[in-house]
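Handing you a structure now.
Labels run A, B, C and D following the written order; every chain starts at residue 1.
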Amino acid sequence: MKTGFKIVICGGGSTYTPGIVKNLLDEKELRIRELWLYDIDGERQDKVARIVKEVVRTFAPELSVFVSTDAKEALTGANFIMAQMRVGKLEMRVKDEQIALRHGCIGQETCGVGGMAYGLRTIAPMIELIDLCAKYADSKHWIVNYSNPAAIVAKATTLLRPEARILNICDMPVEIEARMAEILNVKLEDLEVDYFGLNHYGWFTKVRALGEDVTEKLKEHVAQYGYISKASYEDALVKDPDWLHTFKNSSVIMKMFPDYLPNTYWQYYLLGDDIVEYSDINNTRGMQVIGGREKRVMEAARRLEMGESIDLQQFFVGVHGKFIVEVVKALAYDTRSRQLVIVPNNGAIENLPDDAMVEIPAYLTSRGPEPVRVGKIPRFYKGLIEQQDACEGLIVEGAIEQSYQKILEAFTMNRTVPSANVAKKILDEMIEANKGYWPELK
Amino acid sequence: MKTGFKIVICGGGSTYTPGIVKNLLDEKELRIRELWLYDIDGERQDKVARIVKEVVRTFAPELSVFVSTDAKEALTGANFIMAQMRVGKLEMRVKDEQIALRHGCIGQETCGVGGMAYGLRTIAPMIELIDLCAKYADSKHWIVNYSNPAAIVAKATTLLRPEARILNICDMPVEIEARMAEILNVKLEDLEVDYFGLNHYGWFTKVRALGEDVTEKLKEHVAQYGYISKASYEDALVKDPDWLHTFKNSSVIMKMFPDYLPNTYWQYYLLGDDIVEYSDINNTRGMQVIGGREKRVMEAARRLEMGESIDLQQFFVGVHGKFIVEVVKALAYDTRSRQLVIVPNNGAIENLPDDAMVEIPAYLTSRGPEPVRVGKIPRFYKGLIEQQDACEGLIVEGAIEQSYQKILEAFTMNRTVPSANVAKKILDEMIEANKGYWPELK
Amino acid sequence: MKTGFKIVICGGGSTYTPGIVKNLLDEKELRIRELWLYDIDGERQDKVARIVKEVVRTFAPELSVFVSTDAKEALTGANFIMAQMRVGKLEMRVKDEQIALRHGCIGQETCGVGGMAYGLRTIAPMIELIDLCAKYADSKHWIVNYSNPAAIVAKATTLLRPEARILNICDMPVEIEARMAEILNVKLEDLEVDYFGLNHYGWFTKVRALGEDVTEKLKEHVAQYGYISKASYEDALVKDPDWLHTFKNSSVIMKMFPDYLPNTYWQYYLLGDDIVEYSDINNTRGMQVIGGREKRVMEAARRLEMGESIDLQQFFVGVHGKFIVEVVKALAYDTRSRQLVIVPNNGAIENLPDDAMVEIPAYLTSRGPEPVRVGKIPRFYKGLIEQQDACEGLIVEGAIEQSYQKILEAFTMNRTVPSANVAKKILDEMIEANKGYWPELK
Amino acid sequence: MKTGFKIVICGGGSTYTPGIVKNLLDEKELRIRELWLYDIDGERQDKVARIVKEVVRTFAPELSVFVSTDAKEALTGANFIMAQMRVGKLEMRVKDEQIALRHGCIGQETCGVGGMAYGLRTIAPMIELIDLCAKYADSKHWIVNYSNPAAIVAKATTLLRPEARILNICDMPVEIEARMAEILNVKLEDLEVDYFGLNHYGWFTKVRALGEDVTEKLKEHVAQYGYISKASYEDALVKDPDWLHTFKNSSVIMKMFPDYLPNTYWQYYLLGDDIVEYSDINNTRGMQVIGGREKRVMEAARRLEMGESIDLQQFFVGVHGKFIVEVVKALAYDTRSRQLVIVPNNGAIENLPDDAMVEIPAYLTSRGPEPVRVGKIPRFYKGLIEQQDACEGLIVEGAIEQSYQKILEAFTMNRTVPSANVAKKILDEMIEANKGYWPELK
C-alpha cells in the first residue's frame, strides 16, 4: 500500500489555490503523497498552477504536483477532494450583483439573491463531482466542500446524495474567531465557541478563552468597535473604510440584539438598506475581486512564465486555509477537533425542521462529524432561520423540479428582497443572464 | 330562571354597533332578553346608542336596550359579550399609519407595524375584560372577540388566560367568501372553504359550492379580475379606484403564487412596495374612516337628537355582522356551524409551532370550537407563517416582559419592515406616540 | 342518470349481513337503488342471501337484491362498499385463539396475538378490494371498512393506498355508548363523547347527555357496576356470567385508572392474567360464535330453503348496524354527523407519531371525515399507545417486507405477550397454522 | 489558592468505596488535595473507612483522608462529589425483590419494580444532596452520580433541579465494552461505540476497534456465546452458571433481534419469564451480595481493627471504577473524553420525547457533557423506549405529586409486570415495606 494521501483540489484554477496549498504544506503531520489540481478550465488552471508549483518548490520540493482537467485521472484513488468551485466565475457574480442592485437589492453571493442565483448554477456540477468521486476516488474518500453558497449546496447534496462522503464547511465563523482572538489578545487555538444557525446566518452564543467564559466582555467590545481591536479600529478609520463599515455594522447589530454575537453577514439581512446605499453598482464586490486578487494572481503567473520572481507571501490565506487543512487533518487522523460544520439538523436544534442544514459545533472523526445537540433556540432566531431555511429549501426543490414558481417563492421569501414584484423582476433578469448555467425553469 | 340571553356589546361606541345590532335582531332564533352597550367612553357611546335605539325601535320594539359605562352593571349575568374594542380610537391608528409611512412602511393595522402598535395598546384592556367577565358574567358566558389585531390579541389572551371563555374570530375570510359567491353566482351559505394561516395571513386551499369543488375555476377568475365579478370589475374601473387596486393586487398574487387563493391582505406582505407607493400620508385609511363612516354616524346621531329622521340602512354591515351573529348563535345553540376561527395550533397544522394562533375551520359547539386537523403545509407557506408567528410571539412576550429588545425584534422580523434600522426608528417614534397606551418598555 | 345508490356488502356471507341489511332498509332517507352481496365464498353467501332476501321481501319488497362472487360485476358503478371481510373465517380465528392460549396468552382477535395473525391475513385482500373498487366502482365511491383488525388494516391501507376512498370505522365505542345511554336513561342519539386512542385501545374523556357533562356521574357508576345499569347488572348476575365478567373488569379498571372511561377492551391489555384464567381453550370465543350465531344462521337458511318460516328478529344487530348505516348516510348526504373514526394522526393527537392510526371524533362530510384536533394526551396514555402503535406498525411493515424479524418484534412488543420467548413460540406455530394466508416471512 | 481537588465520596459506607478509591489513586494526573468519605450511617462508614485508609496508606501515603457524617463539613469547598447512595441499603433491596418474586415478577433494581421502589426511595435524598452541594461545595463543583436507579434519579433531578451541576452516569455499558474487548482481543481503550437508549435499556449500534468497524463480527460472536470469549465461555460452563445464564440470554436476544448489540439487561425485559424461573426467592441477588461482598468487606474491616493484615486486591473494582475516574478527570481537565452519559434528550434522539433521559455518547468538557445528536431510531426501539420512559416519568411525577394513581400507572406500564392486578398487589405490599422511605401516596 502506498503511504500518504492523494489530495485533489477541485477548482484548482481558483486564485485561492496557492494559499491553500501553502497551508497544506505547513501541516507537516498531514502526509501528502500526491497533490492534484483539477479544474474544467485548463488554461486558467495552468496559470494558477505556476504559482502553486513555485510554492511547492519553495516549501516542499519533494512533493509531486499534478495538474489535470480530466476527472478520472485527477480523482482516481483520491483520499481528500477539496471542493472550491466557482461555477460561472466572477463574471457571473458581477452580473448577479448588478441585476440585484439595479432593483435596489443586495447581490450578496450567499444568502441574498446573488446566492440563490449562484446556488442554481452550482447544484448540478456539485452533484456531478460527488458522483465522479463515488466512481473514481478511494472508497473512504472525503470531499471537503467549501464552495459557496454553502448552505444551498449542502441542502441539495444532502437531499440528492444522502450517502455522499461530503463535509460542508465555511470559514467565515473561524475568520470572526480570529478577530475575537485579536480583540482578546489570545491565540486563536485557545478560543472555543458555541454557535448556531444556517451558513452565513448564525450567532455565537458563547465564547471561551482557555476555558473561561469571555462572552459578555466580547459583546461589550463588539458593541463599541465591531470585530476589531481598538487599535486596529483606529487604524482602519484611516486605511480601510470598507472594513470599517462592516465593523460598524457589527457594532450596530450587537447593540440592537444583545443576546448573541452575530456573524458579520447579518448586516446584509438586518441592515440591508444601509448596504444597498453603501454599494456601488459600478464597483461591486465581484468587480473589486476581479480588479484586485484576480489581477494580482494572473500578473504573478505571467511573471513566473517570464522567469521573473514573485512575492509568494501575498497569496497566503491565513485563517481560511488553516481551518480547511485542520478539517482535512481531522478526517484523516480522527483528531476529534471541535469545529463548526454544516450538517442536516435531524433534531440537533430541537425547534427547527429536520431537513434544515444547520451550522453547529461538531467533533470531527474519521467517519465524519459528530455534531452536538444544541437544544431549543429563542423565538427571534427561530423566526429568522425558518424564513431563510424555507428560502433555501425552495431553491433546492425548485432546481430539482425546474419550477419557476418555487424559485419565485424563494426570491420572494428572502429577507433581502422587499416584495414579490421586485423578486419577479430580478428573477426574470437573472434567468436571462444565467442561461446555460441554470436548470431551465418551467 | 329568566329565558333568553343577555348580550353585551363591549365597545358599544363603535360606529359598527348599529349594524351589528341590526344583524342580532335579524336572527330571530337568537332569543335576546337584554341588549347592553358597554364602553369606557360614555359620551361617544351615547351618540351611537341613539342610532342603536332607533334600530331597535324599528325592528324589535319589544327588546330592552341598556347603555352603560360601568363594567359590573353591564357584564353581570351576561351570556354573550361581543368584544369590539378600538383602544386609542382612530386617532391612534392615524398616528401609527403616519409614522410608518414617514419611514416608507405600511402602517397597516393588523399584521404590519400599525398592527404591532395596536396590539401593544390592546393586550392589557382585553385581559382586563376577560377578568371582568370571569367575575361578573354568567359562568357559561362566551366572549366573542373580533377586536383587532386579532392575531396578537388571541395569542396574548391564550398565553395569559388559557382558561378564558373567549373565541377569537375575524370576518375577513367570510367577506372574501361573499365576493367568491358573487363571482360564482351562488349564495354565500352554499359556499364552504378550506383555509389555513394566521389571522389576515392565510389562504383558501379549497372552495366548494354546494359540495362541488370550484377552486380551479375561481383561481382562474381571481387571476384575471381579483375578488370581484367581471361586471363589478368594469363598474369599479369607473367608480372605485381604491377597491380596484386591491382586486388587481389579488390578481397579481394569484398569478404569481397559483397554489391557493390568497387573503386580500397578502398585498401588504407580498406587494408592500406597491402599497406604500399607493398610500397617501395625508389621507390614510384611518383618516378616510374618520372622514367617512365616523362622520356619518356622528351626524346621524346629532340628527336623531334633534328629532330628525335618518336613513338607518346606511349603517347596516352585511356579511360582517351576519358572520358574528352566526358565531354567537352557534355558541348559544350548539349549531355545529363550520366557520373559520382563530385557535391555538396544538398540532392542527402539523409543521407549525404548538403555540401559533392559527385561523382554520372549526365546528362550533356550545362548548367552543372543535377545530379540524389540517396536516402539513408546504414550505413556502410555512416559511411565511413562521416569520409572522415569531413576530407576533415577540410582541406578546415583549408586552408581558416590557422588553424593548423583543419589541424591536418583532418590528425587525416583520415582512413589512425593510431593516432593523428602520424598525428602530419607527419603534422609537411609536413609543413616543403611544405614551399612556403601551406598557413601558425597558 | 339513475337515482339512488348502489350499495355492495363485501363479505356478504357474514352472519351479520341480514342484520346490517335490516338497518339499511330502516334508513329510509338512504335511497338505495341496488343492493349487492359480494363474497368469494359463493356457497356460504348463498345461504346467508336467503335470509337477506327474506328481510328485503319483508321490509322493502321493491328493492332489488343481487348476489355475486364476481368482483367486476358486483363493484361496477358501486357508490358504497361496506367491507366486512373475515379472511380465513372463524376456523382460523379459533386456531389463533388456541395457539395463544396454549402459551398462556390471549388470542384476542384485534390487539392481541390473534389480532396480529388476523391482520397478516387481511392486509393483502383488503388492498385487493381497494384496487378493485378504484377500477370498477363509481369514481366518488366510498369503502366503509369495519373488517377487523381495524387498526392494522387501517394502517396498512393508509400506507399502501394513501389515496384510497376508504373510511375505517369500528362500532365498539358506540356499543359502549349505548350502554352509557341505558345507564343514564337517555337516548343514544342524545349522547356525545370525546374519545382518543387506537382502535379497541382508547378512552372516553368526556361524555355529554343533551349537552350536559355527565362524565363524573358515569365514572362513578362504571366504577361500581361496569357498563351496565344497576338493574341489568343484577339480572346478569343470574343470566350471563360472561358479560358480567366483562363488566366487572370495566369496574376494576375504572377504579384503578379514574382519569377516563375505558373501552371495555382494556381488560385484555390491563387484566390479561384474569382473561387467560377465565378463558377455556376448548370453548374459545371463536368456537362460541361458531356454535351460536353461525349455527343459528345456517339453520335458518336451511329452513328457508325448505320453505319454512323463520324469526328474522334474531338476526338484527342493533347499534352496530345503525352506526354503520349512519356513517354511510353521512358520506352520502354530507350530514356532518360527528362520529368516532380511525384516521391517520397527522398532528391530531399532538404527542403521538404522525402515522399512528388514531380513533377520534370527526365530522363526516361527503368528502370524508374532518377529524378534530385533540391536543396532547397524558403520559400514561401516550406510553400505552406508543407501545401498541409500534406493534401495529411493525406488523404492517413486516407484512410488506415479509420480515420474520419485524413480526417477531411486533409479537414481542405486544402488551398481551409476556416475553420474547413466548412471542417466538406463538409466532412459529402461527406461521404453520396460517400457511396460505400470511405473506411468506423471511 | 490551594492546588488540587477536594473529592468527596458520598455514600462512603458503600462496599465499593475501597475499590473506587484505588482507581482514584491510580489516576496520578488527577491531583487530589483531600479525599473525603461522607455517609449518613457513620458506624458503617467507619468500618469501610478502615479499608479505605489501608488502601491510601499503601498506594498514596501522602494523601489526607477524612471521614464525616456532617454534610457541611464534608461538602464545603468540594470540587467533585461522587454520589453512590443506596437508600434503604441492601435490606430494602431484598424486600423489593421478594415482594416482586412472590407475585411472579422480577425485583430487578433498576428498570423493574425493584427499580421503581428504589427510585421512590432515592429521589428525595438526591435532591437534598444537590441542594447541599449548591450551598457548600465549590461553585464549579460537579456531582458525578452513579447511584441507582440512574434513569429515574436522572429524570427527577433534571426536572426538579435543572440547573444542578450533576452528571448522571452508569458503568454498565463500559462493563460490556470490556467484555467486547476481551472477545476481540483488543484493549478497552481502543474500542469506541455508538449507543442509544435509556439507562440499562439501550443498544450498541456500532462498535469500532482502533477505528475499524467490528460490529458484524461481534454480533456473530454474541449470537453464539454472549458477551464472553469462547475460552471464558467454556470456563464458565463449569465455574459460574449464573454468569453463563446471562451470557446465554444475550445470545438468545442477539439471535432474535439482530439489528444491534443489546445491553445485557435486556434479558429482564425481553426474557422475563426465564429470569423469574431462574430466580430463587430465598437467594435473591440482594441476598447474594449481603452474603458475599458485604460480608467480606465487614470481615476485612474487623480484621484491620484487630490489627491483622488483609488482601486489598479483592476490593478493587476494575472497569467500574476506572470509568468513573475517567469521567471525573474529563470534568476536571476538559479532556473531551467520549463517554456514554445520561442526559435530557432535547432532540438528540429525534423521535423520542424531549424530556426522556437518554443514554448516548457525549464529549466530556469541563462545562459538562456535549452529547452528540443521534437522529431517528427504528420503530421497535422507539416503542420499547417510549413505554419505559412513560413508566419512569410516571414514577417521578408520582413521587413529586405523591400520587398513588401515577405510581400504579407506572407499575402497570412496566414491561416486567404482566397486569394491572399484579401491579396493584406489588405496589400495595411495597408501600407497606417502604414506609419511612417513600413519599406518602394519596
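Methods note: a contact is a pair of C-beta atoms (placed from the backbone, for glycine too) under 8 Å apart; a residue touches a chain by one contact, two chains touch by 3 or more.
All figures in this text were calculated on a predicted structure; none of them were measured in a lab.
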Shared chain contacts [chain A and chain D, defined touch]: none
Distance between the centres, which are taken as Cα means, of chain C and chain A, whole angstrom: 59
Computed distance of Cα centres, chain C from chain B, in Å: 46
Euclidean distance of C-alpha centroids - chain C vs chain D, Å: 46
For chain B, residues that touch 2 or more chains besides their own: none
Contact graph of the chains (line, ring, star, complete, other): ring
Residue ranges of chain A in contact with chain B within the complex: 252-253, 256-259, 270-274, 351, 353, 379-380, 382-384, 386-387, 389-391, 393-394, 397, 405-406, 408-409, 412-413, 418-422, 424
Of all residues in chain D, those that touch chain A in their complex: 211, 334, 336, 338, 346-350, 354, 361, 363, 366, 370-376
